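For clarity, chains are labelled A, B, C and D in written order, and residue numbers in each chain start from 1.
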C-alpha cells in the first residue's frame, strides 16, 4: 500500500512540462514536492495567485499571502496576483490544464463526491464544483477504501456529488486507474506488492483489466 | 476629484440598519475589513444577510458578528471553521446558502457590472442545479445563475486615495474588488490613505467610482489561520 | 437660437456635485468646459479612463492616452485606468450617473436614434447602445431641426433606434425639454428670443406646454 | 516559470493560417499590435475573420490587412475611418458584424472566462436584438449574448516578462487583456520584455497563464488619430 507521499509521488508523474496546475487540499498539496525539477510548471491558487512558491521561512511570513487551504505561502518567480472572478475565469475558461484533488467517492463514469456527507455538518464546496466542472484533466488522489473498509470506487456515488463525468484518473494507495469513456475503471498499475485480485475485491464499480497489470515503479 | 473620506469606521457604518444585505471582502481571514467588523459589533442591529466567501473563526472576523447573533443568513462557499456557527446552524437560528466559489465570485461581479444572469458549468448534475435552468452550449451543460447585489459592501484594501481608488496586496485582493462594485454603498477601509493623485492610475485595482466612503483603518491584527513554514 | 457652446453651457447646469459623467462626441464634449469650478465631478471615457483631464499641451501628448473620440487627453488628479470590460461594467452597472450624447432623432417616449442612416455607410454604434441602455440619466444635445428644416423631435423615430425609453432631457438650439413619463416632450425653457409658437411649429412629436415657459438665462 | 519567448513577430505569427479567426487588441490606433500586423502582411494568407473594436485607418493598423484583401469579415463596434474599408463593404467583398462596444467587450471576456452566454441590456428594442432571446429581470429587458473566442489573439502591452505576464499603459489597455484570455493561442508583443520575476506581481494586468508567445517589438509608430492640444 502506498503512503500519502507515495500517492503524491505517483501523481507527480502525470505532470507535463508547461502546465498550469491547481492542487487541492491534502494529498494533492504534497504533489508539489515531487514534480521533477526539470519540468517548468505553475501552480494556481484559486484565491488569487498564479505561481505558488514554497512555504515561507519564519521571517518571510506574510498574512496577506495565503493559498486556498489558508496556509501561508510565498510567490514563485514570475507570479501574478488577481481577484477571485479572474481566478475562476482562468479555471472555467480551461486555462488551468490539470486539477488534482481529493475525493470521498468516485463513480465508474467519472462522477466525484467530495463535499458533503448527509447528517454531518456541511462546510461547503468551496471551489471544488468550479474546478471539476472546468478542467480538462482531473486526477483524484484518495484511499481506495474507507476506514471501515468499504470501496470508494463505485458504480454510482452514494454521497451528494460535486461534479459529473469529470474525473480522468485516480491514484489510490492500491492502484492507478483511468475512467473508460464508456464507463468503468481501467486498471493501469498496481501498488508494489498489491495483487490484481486484491484491487478487484476492493473495487465496487466495474473494473476493467486488460492484459498484464504492471507494478508502479518509484525511483 | 470627489472626496469620499469619512472619519473612521464608526462613521462609515453608522447608517447600516438591521435586516439589510451586506457583502464583506476576504478569503479566510485574509483581506477582511477588521475595523468595520469591530464597529458593526458596537451597533445594535441584527437580522443581517452577509455575503462572504467564509464566515471567519469563533473569535475573529465574521465569527464575532455570529457570536453576537447579528447574522440571519450567510451566503458563502465554505464555512464552518467555527463551533458557534455550527451550533446556530444546527439549531436553525442561522440560515446558510452555499454557493460554488467561482459562481459566487462571478455572481458578485455580475451584480457590479449590470449582468442579471449568466451561464456557468459549476454544479451541473449536483444539488446546486436544483430548480435552476440548464442549457447546453457546444456540447456541454451549463446552469443559469443570477447576479448578487448588496445594500452595503465593505472591503479592505492596502492603499487607497481620497477619491476612493484602491490597491490591494497579495491574496488579500480576492473578493474585495468584486464586492466594491456590487454594493449600493461601498465602504472601504485601507491601511494607508493618501491624497488623490498619489496613486499611479495604472496600478489601481478598484477605480474610485465604486467607492462611496473611505477611511484609514488602524490596529490590523491580520490573524493567520494556517501558519505553515518551511524548515 | 443657441450656439453649440450655449447648448453645452445649458446642459452643464444639469450637472450635480459628485457625479460620474460620460460625455459623447461633439457638443457633449464641450460641456466639460462649462461645468462650474465648485462642482467635483469625474468624467469617464469608455475606452478605459476615469478622470479625463484637459487636452494636453504639445509636450504632454501621449499616443497611449486618448478619449473615446480618439483625441489625445490628459488624466485628472486621482484618475484610474482599466480595461474595456471593466469600463462597460461601470456603465452597465449604473455607476456612471449621467450620460450626455448627441442624437439624430428623439421620440416622445424617449427613444433615441443616433447610429445609422439607411442607405449611408454604417460606421457602427460604438458604445452608444450600452450607454443609453444603462445610465439612469440621459441628456441629449442636438439641433431641434435637421439642415433641411425637419423636426428631430418626433412621435416615433424614423431612423433605426439606438435605445428605447431612455432619454430624460433634451437641450436643443431652441429649447430645453423633458420626456414625460406617459410620453410627450414637456417644454421647460425657451432659447432667448425664441417663441413657444416657433418651438411648437418645429416639434413634430407631442409637445406639452404647461403655463408660462421661461427663457433660458445665461450668466 | 514557463518561458514563452519567441524570437520576433515573424516567428510568432508563422502558423496563422488562412480562414482562421483572430482577435486584435486596441481602441482606435492605441494599443494595436503593430509588429504582428506588419508580420502578417508578409504572409500569404487570406479569409481572416478579425475581432477588433475598430478597423484601423487606410494606411495603418488593420487597414493595411484590408488593403491587401486578407480579411473576409470584421467583428467590431465602430469602423469606417477608412475609404478602402467602405469600398470593400459596399462591393460585398467584406462582411461586417457590428456589435455594441460593451457587448463586444463582455462577449470577449466571457470567451476567456468560460461563460457561454450572459444577459445585457444593450440593444434591447433595436435591430441588434433581432433573432436574440430576450428576458426581463427586475422589470428591465435584457438580451442573451454569447461568448466570443478566437484561434489566435494578438495583443500589445507596454511591459511583459518571459512568463507571459503583461502590464499595459494608459488607455492602450482597452480590449487587450480581454482578448489575451479569449484566444486559443495568445501572442503578445511588448515594448519592453524583462525576465520573469522583474515585474511586481501586484501590478500585472494579464497573468501569464493566458499568453502562449511573447516577444519584444520594435519601431513603434503609435500613430495619433486626433491630435488635440490645449492652447
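We adopt the following convention: contacts are C-beta pairs under 8 Å (C-beta built on N, C-alpha and C of every residue); 3 or more make two chains touch, one makes a residue touch a chain.
Quick caveat: nothing in here was measured; it's all calculated off a predicted structure.
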{"item": "Contacts common to chain A and chain B (chain labels)", "value": "D"}
{"item": "More contacts between chains, A-D or C-D", "value": "C-D"}
{"item": "Centroid comparison with chain C (C-alpha atoms), farthest chain", "value": "A"}
{"item": "Interchain centroid distance [CA atoms averaged], chain B/chain D, Å", "value": "33"}
{"item": "Inter-chain centre distance, chain C versus chain D - centres from mean C-alpha coordinates, in Å", "value": "29"}
{"item": "Length of the line joining the C-alpha centres of chain B and chain C, rounded to whole Å", "value": "36"}
{"item": "Chain B: positions in contact with at least two other chains", "value": "106, 109, 113-115, 120-121, 169-170, 202"}
{"item": "Junction residues of chain A - those touching two or more other chains", "value": "49, 81-82, 85, 88-89, 91-92, 134"}
{"item": "Every chain pair meeting the contact rule", "value": "A-B, A-D, B-C, B-D, C-D"}
{"item": "Residue numbers on chain C that touch chain D, as the complex places them", "value": "45-49, 54-58, 61-67, 69-73, 81-85, 87-89, 91-92, 111, 121-130, 133-134, 160-165"}
{"item": "Chain B residues touching chain C - in the complex, by the definition given at the top", "value": "1-3, 109, 111-115, 161-163, 165, 181, 196-197, 199, 201-202, 204, 207-210"}
{"item": "Complex interface listing, chain D residues touching chain B", "value": "106, 110, 113-121, 135, 137-138, 140, 142, 146, 167-170, 202-203"}
{"item": "Contact footprint of chain C on chain D as seen in their complex", "value": "27-31, 53, 76-80, 86, 89-90, 96, 98, 100-106, 108-109, 120-128, 158, 169-178, 205, 222-230"}
{"item": "Chain B contact footprint on chain C (complex, rising order)", "value": "17-18, 20, 40-42, 44, 49-51, 75-82, 85-86, 88-96, 134"}
